[in-house]
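One structure follows; several queries about it will come next.
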Amino acid sequence: MVVGALAQSDAEDLELMWRIRAFEEKASELFARGKISGLLHLAIGQEATAVGVCGALKPADTVFSGHRPHAHAIAKGAEIGRLFAELAGRSTGYCGGKGGSMHLAVPEVGFVTATGVVGGNLPLALGAALSSSSRGKQEVSVAFFGDGAVQTGLFHECLNLASLWKLPVVLICENNGFAEFSPLSAHTVVRRLADHADTYGIPSETIDGNDLALVRAAAVAAVDRARGGGGPSFLECLTHRFRGHYEGDPTLKRGSNPRDEKMDPIGRFVRSLEGRVGSVEPEKIEARIRVEVDMAADEALDAPWPDRESLVSNVVASW
Amino acid sequence: MLYAEAVVEALRRSIEDDERVHLMGQYFLGLTPHRTMVGDLYKQYPDRVYFPPIAELGYVGAGIGAAIAGLRPIVDCATASFTFQAFAQILNEAANIHYMSGGQTSVPMVIHYNHGVRGGGAAQHSHSPQAMMWNTPGLEIVTPSHPADLIGLVQTAVASDNPTIWVDHVRLFDTEGEVPDDIEPIPFGRASIRREGSDLTVFASSWMVCRSLEAAELLAAEGISVEVVDPRTLVPLDEEAILQSVAKTGHLLVVDECHRRCGVGSEIAAIVAEHAHGDLRAPIRRLATLDVPVPFSAPMEEFVEPTVDKIIEAARSVVENR
Amino acid sequence: MVTETVRYIDAISSVLRHELDRDDDVLILGEDVSYGGPFGATAGLSESFGPRRVIDTPISEGAVMGLAVGAALSGCRPVVEIMFADFVTLAMDQLVNHAAKFRYMTDGKLSVPMTIRVQGGVGGGYGAHHSQSLESWFLHVPGLKVVAPSSVADAGGLLTAAIRDDDPVIYLEHRGLYWTKGSFVPGGSPTRIGEAAVVRPGSDVTVVTVSRMVKTAITASEKLAAEGIDIELVDLRSVAPIDWDTIEDSVRRTRRLVVVHEAVTTGGLGAEIVAGLSTRAFEVLASPAVRVGAPSAPVPASPFLEQFYAPSVEDVVEAVLMTLDDREERPAHAS
Amino acid sequence: MLPDLGVEGLMTLLERMLVARRFEEQLIDLAQERDIGHFHVYVGQETTGIPALALLEDGDLSFTNHRNHGHLIARGAEPGPMYAEILGRATGYCRGKGGTLHLASAEHGFPTTSSATGGCIPPAVGAALGFQRLGSDRVSVCLMGDGALEEGAWHESANIAAMEQLPVVFLCENNSLEALGQRAGEYPSSTMAASDLTELASVFGIESVAIDGLDTRCVYQTMAKAVQRGRSGEGPTFIEARTVRWPGNRPIWPELATGKTDLSMAWDDSVIPQEHIKWHQEQDGVLEYVRQLLGNGQISKESVLDLDKQSSERVREGLIFALDSPYPSPEEALEHVFTPHQG
């Protein structure tokens, strides 16, 4: 069993990875059918980092994600039905249809918010960590970002700040080798992104992000360090994105059959369980989750559009 | 020619006509299917293209330095919202350098972005920041709405020694227009009367010109004769053309995709209120994007932006007591 | 409560101290704030409240703004100091794309109770990177509230209101006002955001203005009073939201409007007000509204050029006279 | 140590150091008499900027910051138009539109000066990009303080410079040893977590080195190598020159804390007062440079004093020129927003 703060069972971990995978595949299908509009960025192939890291967190710990946020929200405990509804712009969505895919917010489960701006969530996670430490709380915050964010100025400013103030924050870089459309080598000469963290004296690790057990272990160590007052950590998870930058990307389609890929984190996790006592039944889990996802999607699409009056609500608390 | 093709054509001509022109960035045609055309252009001129990392502050600023050093960079910020990342360089550096140096140094660069409501872009991918840029002296702003104008305006922008903001809109990409072979550079500050009319002046720029023209066509059927004034450049602005049109029609509707408060429409309305108060036979109306962040959900999105229906309705209300 | 006569900057210091004391969630963030900042607004706060609540930051405006947003999302009430308004450009993304939008994008699930103290304005030969007035940018962004006090009392009242507000509030300080004096009640009540003040009632022309230009307009109205012209002077105090009712009420009585501000005229606050009034009170305006603002040029450094940049008393007087030029005429469209 | 420049070259450096020093001293005096606004002085960093920039040639560009006076003098700018600019006169290099914060002289290779911290970095990298794309062998020099490294603009620009192997030299003058922001003795400053500033550049594979900014020879040689690397297409270099912060650099308002520079302190310890003894004996680069020149034996005290007198005179005349110069006409405030279109 992969140990975490919430002590998930292997079955639960596998279920969660499947829920994410099936959710995103369904979202892809709905997008192709025109049921979802806007920009849809999928993280199919990167499930192990979301599940590995979020499994190391307590419910009150906070997560801030970027433009590829579904996996993180689901791993932190968001309901897929309301996520589908948000993607489809329905009133029952988590943000009443005002946020959409890139701006999901489920603060009740600690998934505070996502942002559509590359690197934009980093200072937000730092701020939550500052809030926690300055008020003597024990909560840890996590920022998930891609390798593209590492080249932003905000990244540099945030690593400096996190280190200076020993903030209880864990920075998770999901390095899928692609920043938006182009390979990382077109964006930086830095080979190991975690080297940046070393410069500011932030403990770092570069790991195989498709190995759930490895991710969980590294995340537990980083979260423990943050909670114990040891300051920030930087985790570079090498992952593999099976889809293009976004759905409909005309210039890049990678991996037509992701489950065959050697890197597929789900396949790897299942293989790692083989032969173990009391092992789970992967096929049954997958089948059950797919039914669950289909139902959730249908229900979301049946939900009403938001009221027009809601258009001008919640711009500010009050004037 | 498709507008998207005109974008590529304008870039191609710029590259071919002036060896100092280099392109920085790759999302001139946004994330639309058209963007492969930009890719093809890049393959043709690999030495004239620079693919920056996701670092708008850094690479837009690098464009400024390159312009000072002798290039004529055309820098693409992709979605207008991302210009906020580079505001410090665009508004604090590029716009000020010529002035602060007392005229010693020029920044001949073009900064391109795609603005506005594009469909599902939500709050962080749907901005129209040109009103904010307009409030900052030192930037020229071009807002083409027609393929031929686009090519002519970009030629002038590239030849200009000033930093020029090239405002595009992804919804323009699929529009079509006639493009003669021998397009001359279009001087800045000359509006185009895209449709003549006698009852109402509609001022609109960029994508809103297309919607206004469509509305004007439908209004004509009701006997309302609409004149559509497309400024083509916001800075410099052809105030005379607007005032002349208002003198003729006595009615003004400003259609603007910026937010209403302190939008382009505010300035146009203020100019007319100050200088043509006596010509006005009814209050000016401003139709702009409502003052809320752009929502994601499709019906709400349509509700906040100026649509053809809303233009028609607003036009009727302005001229009702004609 | 005792009314004291203090400087504008002292009122700011006093409110910061009072709010830190009153609410443990209030934090101060900024460059060199523990040293008082460049003008001493935060002097002594670090000693009283410690470095965990009065926090010196690196010169990283983008990260600091975002960090404050994150802290605000998590229950704090940060007060961020941006040393010069011009440097908000470095934090525009966090301000416009994050702080201003989280409430809306999440349909009210999140709120961002933060105050952004910004210092700026023309004066002292600081040049184009340290003198801008950028309120029209902020006014253009839904989700931001913007206040710009001109008096010592409002400096205190509006800062109190800003810190206690549940939304991001930009608090614009004009450095030319820092050393002006006025009455102030320490620990006094907040001034309502969105309410203008009629600082001088009058009947001939409405002059709407804000921040330091209120002082200029007061002098101008005194001059004009000597010529028998009675100005009604409206101090907006809040730039977002604009108190339309007060302006409209005044213009309906005077039928003439001048808007004065220090920011660039083109695309400025004046454009919004003139545009708004020309719709709201079109039929009553007896003459065209006039805007008085800075020219479309960056702020020059030369103290000599600088004095011609911001509107002067004479500029305001001239604008008022322009609106009265045709005092006897009735506009063609008046019914 | 002295660079291998021959007597003439060494004296040219001395002359510029003295002009720079006397320029600032006179400016501080002037600020006592009249309100000239907010300004920053270069006192204490002369041995860095002056030899470093002496190497540049026509067409090379330098992008400096708020602490720019010494940099301009290093490349031959004249005290007169500099003072005139600081005083907002029509004869200033920027005709009164830039002031001290944006002092720039295109003819001396300073196209624009940003006073936003880190604001100069992206344009400096961009100029290098321009040179590279134009096939020119010119280099761009980014003159920055250590505080600029806290800005995101640094990180984005360094990455771009490294990726494209651009001909740019980042000369970072770290004067934070005794700076305002320093707390608890953390070097280099309390607001930067990196314990070694050069690592912020070397992480990108940029050639990086930290040097003693008081060592004129080292500055000169390091810069020569960096410029050569740039000219020959070998890419960017980052130099951290560690200087001290002059005791007179009070936050915001400089004052002559150590008095007017008395060159005789270079050869006569008895004239050095107890107060600021460390400054006069070890930290004042100009005095140190004079000691080395005299130690070299080729240059006499008299010629040093002579040069100082000439430099002081040049600076004095410069100020008179500036004070006698007219202000620009008010309407000029509206000029130079745009360049007129051709044709």
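A, B, C and D label the chains in the order they appear, each numbered from 1.
Operating definition for what follows: a contact is a pair of C-beta atoms (placed from the backbone, for glycine too) under 8 Å apart; a residue touches a chain by one contact, two chains touch by 3 or more.
Since the model is a prediction, treat every value here as computed from it, not as a measurement.
Within the contact network of the assembly, the step distance from chain B to chain C comes to 1.
Distance between Cα centroids is largest for the pairing of chain D with A.
Between the CA-based centres of chain B and chain D the separation comes to 41 Å, rounded to the whole angstrom. Computed from the mean C-alpha positions, the centre of chain C lies at a distance of 37 Å from the centre of chain D.
In chain B, the positions touching at least two other chains are 53, 55, 57-58, 81-82, 85, 88, 92, 96, 99-100, 122-124, 137-138, 291-293, 295-296.
In chain C, the residues touching two or more other chains are 57-58, 60, 62-63, 86-87, 89-90, 93, 97, 101, 104-105, 127-129, 142-143, 295-298, 300-301. Counting partner chains per residue, chain A has residues 95, 97-99, 103, 115-117, 151-154, 157, 160-161, 164, 187-188, 310, 315 touching two or more of them.
Viewed as a contact network, the protein chains are fully connected, with every chain touching every other.
Here chain D touches chain A in the complex through residues 150-156, 159, 162-163, 190-195, 199-200, 203-205, going by the rule given at the top. The touching residues of chain A, counted against chain C in their complex, run 62, 64, 94-99, 103, 105, 107, 112-113, 115-117, 120, 122-135, 141, 153-154, 157-158, 160-161, 164-165, 310, 313-319. Against chain B, the residues of chain D that register as touching in their complex are 61, 63, 92-98, 102, 104-107, 111-114, 116, 119, 121-131, 133-134, 136, 138, 140, 152-153, 155-157, 159-160, 163-164, 335-339, 341-342. Taken in their complex, chain A has these residues touching chain D: 151-157, 159-161, 163-164, 187-190, 195-196, 198-202.
Of all residues in chain B, only 26, 31, 33, 35-36, 39, 51, 53-55, 57-58, 81-82, 85, 119-125, 290-293, 295-300, 303-304 touch chain A in the complex they form.
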